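Naming follows writing order (A, B and C), and every chain is counted from residue 1.
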Amino acid sequence: MGQLVVNGLALGSIYALVALGLLLIFNTVQIVNFAQGQLLMLGAFIGITGAVTHELPVAVAWAVTMLAMALIGVVFMVLVYFPLRGRPPFLVILTTIAMGIVLENLALIIWGPLPVSLPSPVHGAPLRFFGVVISMHQLFIFGTLAVILLLQFLMLNKTRFGILMQATAQDLHTARLVGIPVNRTIAVAFAFGAMLSGIAGLLVAPIFLAEPTMGGSLGLKGFVVSVIGGFGNLPGAVIGGLFLGLIETFGARYISSNFRDAYAFIVMIAVLVAWPRGLFGEKSSEKV
Amino acid sequence: MNNRIPLALGAIAVLAIPLATHDGYIIQLLNIAILNAIVVLGLNFATGWTGQINFGQAAFYGLGAYTTAIATKAGVPWIATPFLSVVIVTAASLVLGLPTLRLRTYYLAMTTIGFGEIIRLIIVHWEPVTGGTSGLRAIPGISVFGLAPQGQIQHYYLLIAVLALAVLVAVRIRQSSLGRAMIATKDSEIAAEQSGVDTTRIKLLAFMIGAIYAGLAGCLYASSIRFISPDSFSGTQAVLLMTMLIVGGMGSIAGCIIGAVVLTILPEALRFMGQWYLVLYGLGVIAVIVMAPGGLASVASMIRMRQASPR
Amino acid sequence: MFRMSLKALMVGTAVVGLSAMTAVESKADAASCPSPIPFGLTTALTGNLALLGTQARNGVEFAVDEINASGGIAGKKLALTTEDTGASSTDALNAMNRILEGKPLIIFGSMISPHVFAQTEGVTKSETPFLVGATNAKVTAQGSKWLFRTHVHDGQLADLIPEYLVKSLGKTKPGIMAVADDYGLGASKGIQAALAKLNVSPVAVTSYAPSDKDMSAQLLEIKDKGADSLILFGRPADVTLVIKQMNDLGIKLTTIGNASMVAQTTLNNLQASEADGGYAIGGMIPQTSTDAKILDWSRRVQDKYKVPADNFTVSYYDTVYMLKSIIEKVGCDKPAIRDALAATKDWKGMLISYTADANGDLAHTLGIYRNKGKTPELTGPIKESGY
């Protein structure tokens, strides 16, 4: 059973990372990016192109991937956010879904459908105690999540830029009126949001392999996590993610492995019925 | 009054298509397009008019199809199946609609996606009843008091008639107080409430009517294509239905039909593009949303407006 | 005498003329073929089943190109029309309708059973021989006399895998893990039935969605319930993950499964220590052959299509050549071709021989494989009982 906990938390950490990337963008521009999973996939493939195809050292491949993802995030913003400013949210949903379809199929054309592996940046024998196995990579996942949470907290609350981002999220128009470089702030949000998903992709590829359709399911779970935690709420997302990972793993083991995907949705619907604004409440309120 | 002549000509053209193409591939494709159009018309009630995003429409379509297939294969006479389908999808729409009434856009989208997934998983794993992933084949066809349409062309005319009926009902609803209440709810729920509209009831009704459209289309799908499997009612199909609505013209009845026909025929016509077709499809949807948010149905009026504006 | 001679002359001429006509007719059977000879193929070239579906195209196209390069059949070239079925059965139906419009002589269907189920009625109505690789056991039970299957199917696998596991490997407490699609779930049911006949019950029966990445819950369940072996049915992508995770968790079980266990795409992503020892029973693959010509063929197919050839590639390739020899004998008459297919006996393909049974199944020989490190080795062929 301890093994289920470890595996569930590792999986949940990935979900949490996807959700964090999603929320970074949402918190700034009120858009839910339904292509976040495809950004994860791109991160994985760019990492593989670097580390496997071009045989760069893993650390370099990671750095290159993160830079590439930041760039992709900005391009994404230009293609999706700017043209749709002010449009009803559900058109934005459709647009990001369409973007996800484009990215997935471009990936299929560029890299082909065969799954590929990415070596983990960490090596070493797995830890074993009390019948539970924790691999080095799983520890690396936990570590990365912790580091990112810390960095995100520091950036948002302790740096000037982070505070600007929060201001932009609160009220775009006022922020602009006050002279905040709104567009730059938004660009950074998209860049970081894409980078977070890219990191998730780099973490996922060594254990789950990378193939172009990997983004769909992981992205969906990321949204579910965001909903459970309450949109806008970062700690909520992390707790929600870990929680979902555990539920899926335990549900698959003790209830039925057939309905694994359904557990995520059932939990989400149950949470929403009881707390329509998510477990921890969303930050923003609907404008009248 | 001006619309009557082009409308009549259009009707004649539609009725004459089988004479040009005979039985076969194109007619079957058009039959599928017509069925999709009915489903999209249904989607329009909840999403186009009431502003409730709904990714569960494919699930209702599937529920209607499976109810009909299971019933007719068990020996139930066909005439009962439309009613059975309506009962099942109405119940399902209440299950989906009641808890979600308080939800806002993104939460609603996720919930409807979840609903669709759960239904699909049940269909896939309830193998003894639904045939699982192999699907159900040799489904008995439409048969009313011994009369049964034979061949794709007869089905075509039958489906055209059903579509016409669906359009008529939609038009009447649009012009009724129910329709006005729906649009008011979409524009601003708070304002609508202030004006005395029971938005909860309206949203639920919109969901139900939409589900009924999809359920009946599913019934006809099972009885005319006579083979169903869960992959025809998946989340991907739900997204496709939504894009048909948007590309055709959300809120416009003609738009629903245009969108369904275009996006049923296009993937077939562009098959030679292989993987690139989906890239093009995605970019095309984005282009339509960005440049012509009223969909293809609005393009005609946009052109007219441009021509009319003084230079 | 003159009158008799006239009559004799007339009768004689008639006899000679008639026999001349029939002689010309029988020699013209193959020559009566249209030029080019139209073949149709529908398979998944895009969508989530494309990885599988393209193997059908690879096998058929490679054979067609080879035949055309050496002059075609009876001097006539083959024209192959391919339609993409995409991922859904509705699209598969549309693809079949398009192919039928071209009135092909032969139609190749894919190995994706839901698609073939959707297409069978239409093809049967068109009275065209329909050659498929679809592995769901019920595909040939549809009662269509025009449908023939030239690849081994899940019914055979479901019988042979449990038998080998219990009788040859001596394992009596298997856990079952199958991918939750038509392929896996159908096989899982068949395997459970076959195990019951051997008086063995599986300690756990689990499945995973095709897009699932984490199968540790299922593996832990199987381990916790005391299994001594694992029967694994999936596609190369997910089988790779199961094997990796089994190793990561330190679970050591004798593993036997379908051809995915020894597929190149699986082995490419595994370490030698992870893959070693796994068994597979399935359609025969070319990579383990000792015949240099077959290995060369396999390499050329991989060079051309950038993916390794698998058991389906071989089967579809064989089918084209089988049809070539049939057409050379009976010409381009669809009923005659159908009858010849139904009468096939011991036709030698690349790796196995084909014999038609009453249902239209032609493949009855499977291979037993075991992974030595990352290289599969052929333990031996195994035949369906009765062959």
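To be clear about the criterion, contacts are C-beta pairs under 8 Å (C-beta built on N, C-alpha and C of every residue); 3 or more make two chains touch, one makes a residue touch a chain.
In this text the structure is predicted, and so the values were computed from the model without any measurement.
Top contact pair of chains, counted by C-beta pairs, is A-B.
Placing every chain at the mean of its C-alpha atoms, the farthest one from chain C is found to be A. In this assembly, the C-alpha centroid of chain A lies 41 Å from the C-alpha centroid of chain C. Our note on geometry: chain B versus chain C, Cα centroid distance of 37 Å, whole angstroms.
Computed centre separation for the pair chain A/chain B is 33 angstrom, with centres defined by C-alpha atoms.
Counting only residues that touch two or more partner chains, chain C has 180. For chain A, residues touching at least two other chains, in rising order: 258, 261. In chain B, the residues touching two or more other chains are 125, 275, 278. Chain B meets chain C in the complex at residues 24-25, 28-29, 32, 124-125, 127, 132-135, 137-138, 225-229, 231-232, 234, 236-237, 267-268, 271, 274-275, 277-278. Those residues of chain A lying in contact with chain C across their complex are 3-4, 7, 11, 112-117, 126, 128, 133, 135, 204, 207-209, 211, 213-214, 216-218, 248-253, 257-258, 260-261. On the chain A side of its complex with chain B, the touching residues are 32, 79-80, 83-84, 87-91, 93-95, 97-102, 104-106, 108-109, 220, 223-224, 227, 231, 258-259, 261-262, 264-266, 268-269, 272-273, 276, 286, 288.
Of all the residues in chain C, the ones that touch chain A in their complex are 48, 50-51, 180, 206-209, 211-214, 216-218, 220-221, 236-237, 240-241, 244-245, 248-250, 265, 268-269, 306-307. Across the complex, chain A is touched by residues 47, 51, 53, 99-100, 102-107, 109-111, 113-115, 117-118, 121, 125, 190, 239, 242-243, 246, 275-276, 278-279, 281-283, 285-286, 289-290, 293 of chain B.
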